[in-house]
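Chain nomenclature is as follows: A, B, C and D, assigned in order of appearance, with residue numbering initiated at 1 for each chain independently.
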Amino acid sequence: MRVLLNPLDGMNLLSQKEVQQLQKSSSSHLYKLFRKCALAVLNVGNPIDNDYEVYERYKDFEINLLSRERGIKIELLNPPESAFVDGKIIVGIQEHLQAVIRDILFNANKYHDLDLDDSQQITNAVFDILRNANVVMPTDFPNMIVCWGGHSIKDEEYQYTKEVGYQLGLRGLNICTGCGPGAMKGPMKGAALAHAKQRINDGRYLGLTEPSIIAAEAPNPIVNQLVILPDIEKRLEAFVRVAHAIIIFPGGAGTAEELLYLLGIMLNPNNKEQVLPIVLTGPKSSIPYFEKIAEFVEITLGKEARNLLNIMPDDSVSVAQFLKEKMYDVREQRRNVGDAYQYNWSLKITNDFQKSFEPNHKNMAELNLNTNQDTVSLAANLRRVFSGIVAGNIKDQGVQAVKEKGPFVLDGDGELMAHMDELLQAFVSQGRMKLPGSVYTPCYKILKN
Amino acid sequence: MRVLLNPLDGMNLLSQKEVQQLQKSSSSHLYKLFRKCALAVLNVGNPIDNDYEVYERYKDFEINLLSRERGIKIELLNPPESAFVDGKIIVGIQEHLQAVIRDILFNANKYHDLDLDDSQQITNAVFDILRNANVVMPTDFPNMIVCWGGHSIKDEEYQYTKEVGYQLGLRGLNICTGCGPGAMKGPMKGAALAHAKQRINDGRYLGLTEPSIIAAEAPNPIVNQLVILPDIEKRLEAFVRVAHAIIIFPGGAGTAEELLYLLGIMLNPNNKEQVLPIVLTGPKSSIPYFEKIAEFVEITLGKEARNLLNIMPDDSVSVAQFLKEKMYDVREQRRNVGDAYQYNWSLKITNDFQKSFEPNHKNMAELNLNTNQDTVSLAANLRRVFSGIVAGNIKDQGVQAVKEKGPFVLDGDGELMAHMDELLQAFVSQGRMKLPGSVYTPCYKILKN
Amino acid sequence: MRVLLNPLDGMNLLSQKEVQQLQKSSSSHLYKLFRKCALAVLNVGNPIDNDYEVYERYKDFEINLLSRERGIKIELLNPPESAFVDGKIIVGIQEHLQAVIRDILFNANKYHDLDLDDSQQITNAVFDILRNANVVMPTDFPNMIVCWGGHSIKDEEYQYTKEVGYQLGLRGLNICTGCGPGAMKGPMKGAALAHAKQRINDGRYLGLTEPSIIAAEAPNPIVNQLVILPDIEKRLEAFVRVAHAIIIFPGGAGTAEELLYLLGIMLNPNNKEQVLPIVLTGPKSSIPYFEKIAEFVEITLGKEARNLLNIMPDDSVSVAQFLKEKMYDVREQRRNVGDAYQYNWSLKITNDFQKSFEPNHKNMAELNLNTNQDTVSLAANLRRVFSGIVAGNIKDQGVQAVKEKGPFVLDGDGELMAHMDELLQAFVSQGRMKLPGSVYTPCYKILKN
Amino acid sequence: MRVLLNPLDGMNLLSQKEVQQLQKSSSSHLYKLFRKCALAVLNVGNPIDNDYEVYERYKDFEINLLSRERGIKIELLNPPESAFVDGKIIVGIQEHLQAVIRDILFNANKYHDLDLDDSQQITNAVFDILRNANVVMPTDFPNMIVCWGGHSIKDEEYQYTKEVGYQLGLRGLNICTGCGPGAMKGPMKGAALAHAKQRINDGRYLGLTEPSIIAAEAPNPIVNQLVILPDIEKRLEAFVRVAHAIIIFPGGAGTAEELLYLLGIMLNPNNKEQVLPIVLTGPKSSIPYFEKIAEFVEITLGKEARNLLNIMPDDSVSVAQFLKEKMYDVREQRRNVGDAYQYNWSLKITNDFQKSFEPNHKNMAELNLNTNQDTVSLAANLRRVFSGIVAGNIKDQGVQAVKEKGPFVLDGDGELMAHMDELLQAFVSQGRMKLPGSVYTPCYKILKN
């Protein structure tokens, strides 16, 4: 199957140099990255558990750019059929494809190395990438609700995320997620319906992803603004800098990673005055789940951390009303410090939350998981634990590494490790580590001292 | 509760004369009509079985127009709360309110009497009303699928209507319905989701209603183009003249009325060359239902009528593909006869399908339901039977009349009456005559000779 | 030469009835009116002195409407070539053609007789015609400057009108004129340039005309909103109701008619509180001209009338600054009385300024031009004098009548008649009664008692 | 005087790093460049002869960027008053200010050094700068007419450039110039009027400038797309790559530079198949001028070069019709070679036309102006001669150098030098080297051998 796509608005302008960079013939790292991300967005709607699977299934997939007199055409060979209706690509998916081209070129040409020690430079780069993708709307008032949660959740939980999105949308709020299925899709779907009823034509469904997660969490076509950040740490920074509030729905290791990242930052004394409401919500059945999380947070990071969490189960209307109200506080605080409404420059993020963590066996084993460190450092290291587990579960490289060398080994303070084990067990038993229908084999092993 | 609405785009222009026409003080027929329709659109989302109920519940509701320097404000006293989110009206509902004002004034000032013998004049008036509402898009290609079906259908059926709407929407087709719940809402919801994925920003969800049905079939806020025609006959004419194809989902008496109206017209020898595909579809469970309908049609109106019906159960993709293909035939035929793509002028509708039928006891009793007439006349009379039953079921006047004088009496050819009885029984037993949870008391009585 | 025009946005929707109304075959009054106005807008750019000339020159011109599947095509036979560039019609001119169709049909179908005694009904009708033409923008703040002045003015005067328009445009103000050449075109041209510099994309150049003047004052293509009112009196009412201020540039009989109409209304005691600034301006050389006018006003209508005139010669910047400031007063006053910003409902216009005056020999001779009447009545009659002279100069019917029966005879109070004679002489000697290059033969004769 | 500008659409997004780069405190080269260009665009409308004057007059001018919650505000201290109307900046001028910020940052951060030997890299950079300014419209058909000519021309010549622009605009063509006064402004003004008549809302008036010329040729507010290229050579490359045809109006040294650049490129054998029509036009009085130019071209660069010039004096309609026709040939040729419609990638420009030439005394004296070289090289060197003379006439650095060290000395082949002397004398005597009212002192001296 061969398909030729005419460029949509906003993508037909590539220089000759850029076209060359993405040529297959170049058989470069960049082409591989391009092909991989392109395949991921085309494969949306086919739930998979790890991206390795996708690449296996579509070995003969190929993508090429062709220069034409009115712009660049995209040639697809053997793409997943689910992206097409009667042989024509779904427009939303083509937009994502164009976002892939845009971001891969931009990141490669301007930020090929972002593993910098200069915190400020990374923050500027994240801004630059978002701006280049036209997703920073300077004149908008605070209205962006970041929603985190599992890609594999129960139907009851999924319905609830839709309801919350619907109530947010009725109040003119927008949604940002990691753009995969489950809790990342539900709120957008609900908000889209509400926006239609409110005749909001410029509702935003912002998806932030990165190359190693995009296959497992392929952007749903509802996502109308897609950005591919260079890696997970830049993606997390983008989340918290564009967020005016954050909702955490039930999820697994990825959600835990996000929560620990967020708490690590909010616990930084420089961020004391920040207004960034955090709500944990889900259907009635999720109450024990959130209690478990809150307990783990309190034990590991302390009471202060626990108090940052607003647990508001089973009440989508109250959640939406609460956050709508909070938007005025966010606005007030930004105005007070002269910070931008749409990018939180004043939020302090230290370098150990910015530098990329490679989740290999050595790095995982060497993580300091003891209590001989300050809370912020501990949060940073706990974040890395869950980051590694996500990699071992669903990311290509991680899955391969675990296949070869066995599970990652985690070692540290006895009590801490016991709590972590308990939390992870709960994720496993609740089916949050894998898509339904598959059996989960842990990619980690906790040393019991 | 008192709410003051600022005018939305497109409605702030009323002359002093028009404002006066809609004053409460005038206590005119026009104000009553206005108040009634306004209440209906505000009450959306509260399922009711007949409009009498609504008017009882909101006795102290009032609506007033206030002239202001930048246009007309709308004052609402004691409106249904469901139209509001945190005290603010849902924008889509306000748009419907403005459509009510627009159409009531336009119809009153230009077409206060449409019970004319001149067929052509009525056809021009229907066009004029639609044009005034900005719903005739002359440069669009054929793409409008009219969907008929019950307001009270099973969940499985409802889900199926959404699926069909989704498949139509993916193919760029638009939806027109009678704008109530059930089969009138599902296809729009599905299409809206698909249009979002295809980045179609100008998708049309056209709702055609009339004052006596608007309360029972209040327009869902997804409806983004709403027109209030003067009466049921003008509404039916509007349906078939804007349609490029018609889908019939499972429904009750109203759906039967629509089908018989449509067949009566399509059987007119002048309409032999017309291209207007008719598809009957529903989930697998609806197959017996459609067979019953088809049988009734064949027995009463003959083989030719039966052959106009494409029964395609349980296959939303095929339905959508079939209709998408048919759009090219519609285009071809319109071009051949030089007819407008967006209003079917050349479709012949005779005066007995245009003049309004008042469904009172006398008129119902006098209907000719014998076989001593041509097929087209029989279709016209059968249409009136079901029109009367709808009125007796859910329309204010009809419900009152039946309350006072007992059920409408229907008399005619024995065999014919037996078939009709059977069909109606089926509607009753399948729960298609009433919203779920209520017991149906027939508003008709069939004389058994 | 035969040209077929595809419909532009906004005009492709006509009912079959409307198309029939404008058929040539109908050889009706309406077709003649249509052909006449169409010819006038096509003939723009060819200066003429009276419309009789145009109709003679283009005897074989014909216009037809053809129904097509995507709307109405316009067929032109032997149109003036100046409307075309390399065989294609200038789009602005086609827009005017469509405005002609829109207004002729609307006026004919809704207001075929507007010679009513009910003042309020006429005011509603004028509003309705303007609204139907989409020229009432309810949410705009006051910003519409009506500019009156001669169609035949000196180059220095013309340059000055451009300068004033430029200064008004720089300040975001819009222009409304009678839409012919000279002082009606200059301000629009200047404002258009200024709007471009200010990136105002929705600048309004509103032209108000009527069938008997349209040929002599054909709308320049800069006019981007054109309305054809039914007659001169409705046109004058439209001017003063949409105006937020009025500038009077040098002109002849037509300008005098407009000024007298305006003063007659402003002198009405009911209009005491109205805020409607009147500025008389021109280049330095026009000072004597304005003094003459002011003198005539003071003598005939009194000091109060004279004081309504702000004479501000040779200072385009001050004029623009003064009027910009005044817009806030206009806004204040409209808000105080709850009147619309964009249509002055509260301005009292009595019936003798509304009913159409037919300028034939009998009516002209019978005009009461004595001082035995109140100022308002005298203003109304003086207005009719100049209206008649305009007709005798350039309108088809008037020119014919004068050709047949000799000049209109005017009789009245001796002193008054002497002043009028003097004023008219000044118009003649300054070349304001005719386009340059032609000799003026008076169409009037003032009886000297 | 202190003014604070709110950001207009499209400019409120700067990173903290970028804001810092343009801080005065930095007192960097970049701030000086920024201040200089900002001053130039604010000073539009005040004709000056060299930019040195401007900087003297506005010594206390300052510009600062201030971060605010909804974007960047621009603070101006003591700006030229002509940029304001009643204290508010003209919007078109603010747009230019924002273009300055955009381009200075972009060029500095991505292309701080463009003096490269790699021809392809420069071509990519020019494209990238134009694309970043949103001036490459990939889906447009060929329609961009580059107009070159003097900033100081006679009124008759200026009126003629307006006429040509008007005729081009009537035919839907767009204008690109160097964006100063005279022949660079006239065609835009004419085209803007024609576009208004044709209801073309997206007409393009593209101004290409560079820091050393921007003060002398400040962009008129009609310019609605402004790009500041890094230097004169990149600007010239931008001109010829966006051009679909080039018109040369009467001008002086700058125009001669442009013509020689163009001929040097078109004479390259690799560009044989290029379709890029060149028209020389002006009023009747300019015929001798063009004959002089043609003669010089033929003598120095040969018959082939001469034949590239279409001299079409005194006929704006024919010029516009000719070029409109040629657009189809341009399209054809681009399609044949698969080149972009809106950026001519396939035009070969060798490195000696791309590298920047610094016009100091040494470089000027060392120019090879002998006949011992191929035509293309000679064209390149002749181009440099005129580039140097422009610098000596109006550019800050050049004016200073000549002040200090006396005129540039030019030496070369005797006959060649005689012809050049003659041409330059003609420019001087026709008043094309300076704005009217000033006396020209030559900045060059030709050695007579």
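Going forward, a residue touches a chain if its C-beta (ideal position, glycine included) is under 8 Å from a C-beta of that chain, and two chains touch if they have at least 3 such contacts.
As the structure is a computational prediction, the values presented were derived from the model and not from experiment.
For the pair chain A and chain D, the distance between mean C-alpha positions equals 47 Å. Look at where the CA atoms of chain A average out and do the same for chain B: the two points lie 45 Å apart. For the pair chain A and chain C, the distance between C-alpha centroids works out to 64 Å.
Shown for chain C are the residues in touch with two or more other chains, of which there are none. A ring topology is adopted by the chain contact network, closed into one cycle in which each chain touches exactly two others.
You'll find the chains touch as A-B, A-D, B-C, C-D. Those residues of chain D lying in contact with chain C across their complex are 85-86, 90-93, 95, 170-171, 189, 192-193, 196-201, 221-222, 224, 321, 324. Interface of chain D with chain A (complex): residues 7, 12-13, 15-17, 67-71, 110, 120-121, 123-124, 127-128, 131, 136, 138-139, 334-335, 338-341, 345.
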